[in-house]
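Just dropping this structure here.
Which chain is which? They are A, B and C, in the order written, and residues in each are numbered from 1.
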Amino acid sequence: MTMQRIKPHLPWITLLVLTAMVGVVDPNFLRPANLLSLAGDIVPLFIMALGLTFAIYIGGIDLSVQSMANMITVIASIYLASLGAWVAVLCIAAGFGLGMVSGFLTTRLCVPSFISTLAVGGVCFSIAQWLSGNRALNMDAEQRNAVFGWMIGHTGIVPNELFLAAALLALCLFIERRTILGRVLKAVGAGEPAAKASGIDVGRYKMLAFAISGALAAIAGLLFSVKLSGGAPTIANGFLLPAIVAVLVGGTPLTGGVGGVLNTLIGTLIVAVIRASMLYLGVEATQQQMLFGLVLIGAIALTIDRSKLRTVK
Amino acid sequence: MYQLSSVDKKFPGVHALKSIDFHIKRGEIVGLVGENGAGKSTLMKVIYGAYQPDGGQILIDGKPVHFANPRQAMKRGIGMVFQEQSLIPNLTVMENIFLGYEAQFTRLGVVNWKAMAAAAKKQLAKVKLEIDPATVTSALSFAQRQLVELAKVLTLEERIEGDLVILLDEPTSVLSEEEVKLLFKLVRELTSRASFIFVSHRMDEVMALSDRIYVMKDGQVMDVVAKADADASAIQHKMVGRHVDREYYREQRQKPYDASRTLFEMRDIVLPGRPHKLDLALHPGEVLCLVGTEGSGREAILRTIYGMLAPVSGRFEMKGQELRNFNPRRSVAMGVGYVPRERKVEGIVSGMNVYENITLSQLGRYSRAGVIDVAREKALARDWIRKLSIKAHSEFADCGNLSGGNQQKVVLSKWRSGGSDIMLLDHPTRGLDIGAKEDVYDMIRDMSDDGVGIVLVADTLEEAIGLSHTIVVLKDGAIRQRFDCRPGAKPSLYDLLHHMI
Amino acid sequence: MKMKLTRENVIRWAPALVLLGLVVLFTAINPAFLSQRNLARIALAATPPMMVALGVTFIIVMGSIDLSMEGAVSLCAVLFCLLFLKLGGSLGAGAWLAIPAILLCGAFFGWLTGMVHVRLQIPSFMASLAMGFVGTGAAVLVTGGDIVRIDDDVFRALLTWRILGFPLMVHIAVLLVLLAWFIQNHTTLGRNFYAVGGGEELAHASGVNVRRVRLAGFALAGVFYAIAAIFQVARLGQAESVTGANLMFIAITSVVVGGVALWGGIGGVLNAVVGVLIVNVIGNGMVVIGLPNYLQDGLLGVLVIVAVVLSTDRRLVSFAK
């Protein structure tokens, strides 16, 4: 019972403990400027994890987010020249649309989400390769600064990415807490049959969840390509694992229904602190993936609601 | 030779078996009858080892035994032929027969298919089934599968020294009359090798096949009737004979309904997979009760009204409007509310609080442009918590933590607060204690007073009789009889049973 | 009933017909497609994914899924190379011991994935995905991100020695397909995969030790991943932490397109073979007819969806997550 009561608070306790631990090893870590720049670096990952939260919140998964971001870096790099600021609209629309496709496949055609999103990810990868001719692309630096410079500058010591992240978090939080969509998604995650029996067209809302996941992955890709001033079909590889870890460590379990976007904020910060701590504690970066893999297993094992799984397949 | 002596089984809140004494002799066929919830299935689970009794003893040939799981019971010669198909459809017949016991045909993990086929052939011969043992099970008819199940259980014969007890759970429910006859003939022949415990809803079949009949009610054995003394109506009396109190069902509050108006009307409705035409109508203030055994078609009718099932043909009018497409969203919009049997799965969303649950079916009404007005939701929830005296610490209480009765009240407030005037209640009192049941009965009368039409599938026959204005008896998907249930002129249990089985 | 029969038949024969159709199509466009050289090229490219597909087929038949193959293959490949070099660097000089060692290693890795799935009760897709990350991570850790090369003529004979125009490893792969088919159809373990996939609870009630079957399935899959790793090394002459990259998508796609139902219990080794051939024929054929081969992933993505949709009986699935 006590475990049940502690569980919701584990994520932020973990975050505090980890931060304190690194702070003890190297007090410089806790300098505001350092923390802020750390936070600024993690924003693309955070935005991706934010979107992924919606897919996981309803008990699904979106494995296409990484390929989606890859594809968007290519699209952004190519069309920035011709479309200017409108390229952002194109990117988000592409992400939203492809996410909708995943959602359609999952809800209307009963393809499990890990397969449907894997397949959509394959489609994204192909598009990225096709558009880019399988090469790395560069943005025109001047035009990038003119159109998207506001995304990556600093205001005082605060990286501008953080404002973008805060705005998106606020929007997602609003969707989650205050809209019909958020309410229905919660009901789907917590008890889909009951939501259906209440006369709700559950499928429509589930599709939207995948679409939001796609759209936010697209924004993450856009920001990433702006930061790097270019794009390539594999440039964002390595995002998927930390994004899933961020959502699950934050306390949104694979079975959905509890947690939410605020949890993902904490989860992403945990990921950031773990990364930083590896640096400070002298652990080689090559061990990062293995570590995150193990953290992922631990996080799932701790958070998953086994009463919702009749048989574990 | 097999005996239960004062066996007890308790679950949280339910005393499922109360000091059961039961015995079966070598080569005997024993029938087991009782209403739903009388404890038949619990008793069977104790017999074949799926449940362990909390008190009393299981004796085989006078010696106490203990089974931790069905496999151990099998080792002592007790086998079960399941009502729901327990054969794995994508495996061949022989694999199913020897599933879990392949070791006898394998060497170093490699299966000798010839040996297994020969052995399977032998088993199939016992049930007089002439099929290739390598047939994939999904290609068989229901009757054939039933026989394969029996053949599977009969492999105990070779494995076990000593006597066999075989449980048959509703073995006839999917069989035609001819097939039933064949099965019975077979069972009689097999009594030279095994004893049988036969469970069925169909009284005539139980009486035809069994040597003795155990009648169960409320977790107790009411009587044991020998074949010679068996009398259908007497047995039915014992099955249902319960003290019926008119107060209990709030009969004094039953008022005539408004027959001049109609909430919905079904004319010549044919449901998928059923040949019969159904005619049904519901009026404001009426409690219409659908009565029948499990599988008689009660659920299908509820699901049709709720829009989850589309009829094949016929005319379905709701509030003067003919319905063409069927989906729950449309039904809810037209004022249909559904209180499902699986309260915890389909009724409430556990993990969401009271106000979130109450407005789940009517989010559009508490929002503007997709943005929810939480303050109004909370006010609504507080209102209904008070109206129905829902025991929850506040509107923020997680519905998963409420008691069953209070969960049911939340489900009812969900629909009532949305103004639903066609309520479908599927076993609304299942699993509730007496006080909570009475609350539900009161709420049903309240709804009637408010002009709500109610379609009820009740937990027991008394409940159906006590609560309803009209009873419709269903059997095998067809409407057999209608009863008008004015207070004072209600049909008796036996009137209903007569048409049900 | 009749409807159902045709449906089943469509599902059973569709993969083979698709394969045939593709071959005819590509040959019609460019007859060189059917040349012996090109067929050998297809067979060679198909060999490592074939091994991975065989492994994952057993898992999918059980109704689970394994997404750990990229990590497993990378790790096995890297370990194999390192061990091979340590044992003398030549197959004749004792380095052959690396082969059985790495098979055991694969089995252990698979077993570990199975343990995470079964013991911690984590759905297999996530358990194996995480273990895949761990495997890749371990491969990075072992190599420090470097490439390990093997230059042993005897070992490379797997690639260079051609019989009937096909490299030796293709012939070995055919034998392994037969072995997998034998395991599937003639051993208790193989049949228990089907029992678990067809009805887990029923199998359990009949006394099948479902947990043990699952663990054995993942371990067996691990062995096949290790074989894939060895072939991959033989083909490339080197191993690194990305040796297994892209195998997950190709293998899963192949198995599903070949007609193995994700719900478990239906299809098997032969379907996987057809599926792998379809995927590789598409990849090769696109090049042969002059299309950029990077359209392949997208096309496969679409195919996999079509296959799953075709094989899903939506009356039986109330909702998918």
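In this section, contacts are C-beta pairs under 8 Å (C-beta built on N, C-alpha and C of every residue); 3 or more make two chains touch, one makes a residue touch a chain.
Keep in mind that this is a model prediction, so the values were computed, not measured.
Trainee: Could you draw the chains as nodes, link the ones that touch, and say if you get a line, ring, star, complete or other?
Mentor: complete
Trainee: Based on C-beta pairs in contact, work out which chain pair has the most and send it over.
Mentor: The chain pair with the largest number of C-beta contacts is A-C.
Trainee: Which integer distance in Å separates the CA centroid of chain A from that of chain B?
Mentor: 45
Trainee: Could you grab the centroid distance between chain A and chain C? Build each centroid from C-alpha atoms only and quote it in angstrom.
Mentor: Inter-chain centre distance comes to 30 Å.
Trainee: For chain B, which residues are shared contacts with two or more other chains?
Mentor: none
Trainee: Using the touch definition from the top, which residues of chain A touch two or more other chains?
Mentor: 193, 196, in rising order.
Trainee: Applying the document's contact rule, which stretches of chain A touch chain C when the two form their complex?
Mentor: My answer: residues 58-61, 105-107, 109-116, 118-123, 125-127, 129-130, 134, 192-193, 196, 202, 241, 244, 254, 256, 286-294, 296-297, 300-301, 304, 306, 309, 311-313.
Trainee: Could you pull out which chain C residues touch chain B in their complex?
Mentor: Going by the criterion above, the answer is residues 186-189, 191, 194-195, 197-199, 202-203, 205-208, 265-266.
Trainee: Any idea which chain C residues touch chain A in the complex?
Mentor: It is residues 63-65, 67, 71, 116-118, 120-127, 129-138, 140-141, 144-145, 200-201, 249, 252-253, 256, 262, 264, 292, 294-302, 304-305, 308-309, 312, 314, 317-321 of chain C that touch chain A.
Trainee: Give the list of chain A residues in touch with chain B in this complex.
Mentor: Touch list, chain A to chain B: 178-181, 183-184, 186-187, 190-191, 193-201, 257-258.
Trainee: Going by the contact rule at the top, pick out the chain B residues touching chain A in the complex.
Mentor: Answer in residue numbers: 327-329, 331-333, 338, 340, 342, 345-352, 356, 359-361, 363-364, 367, 370-372, 374, 414.
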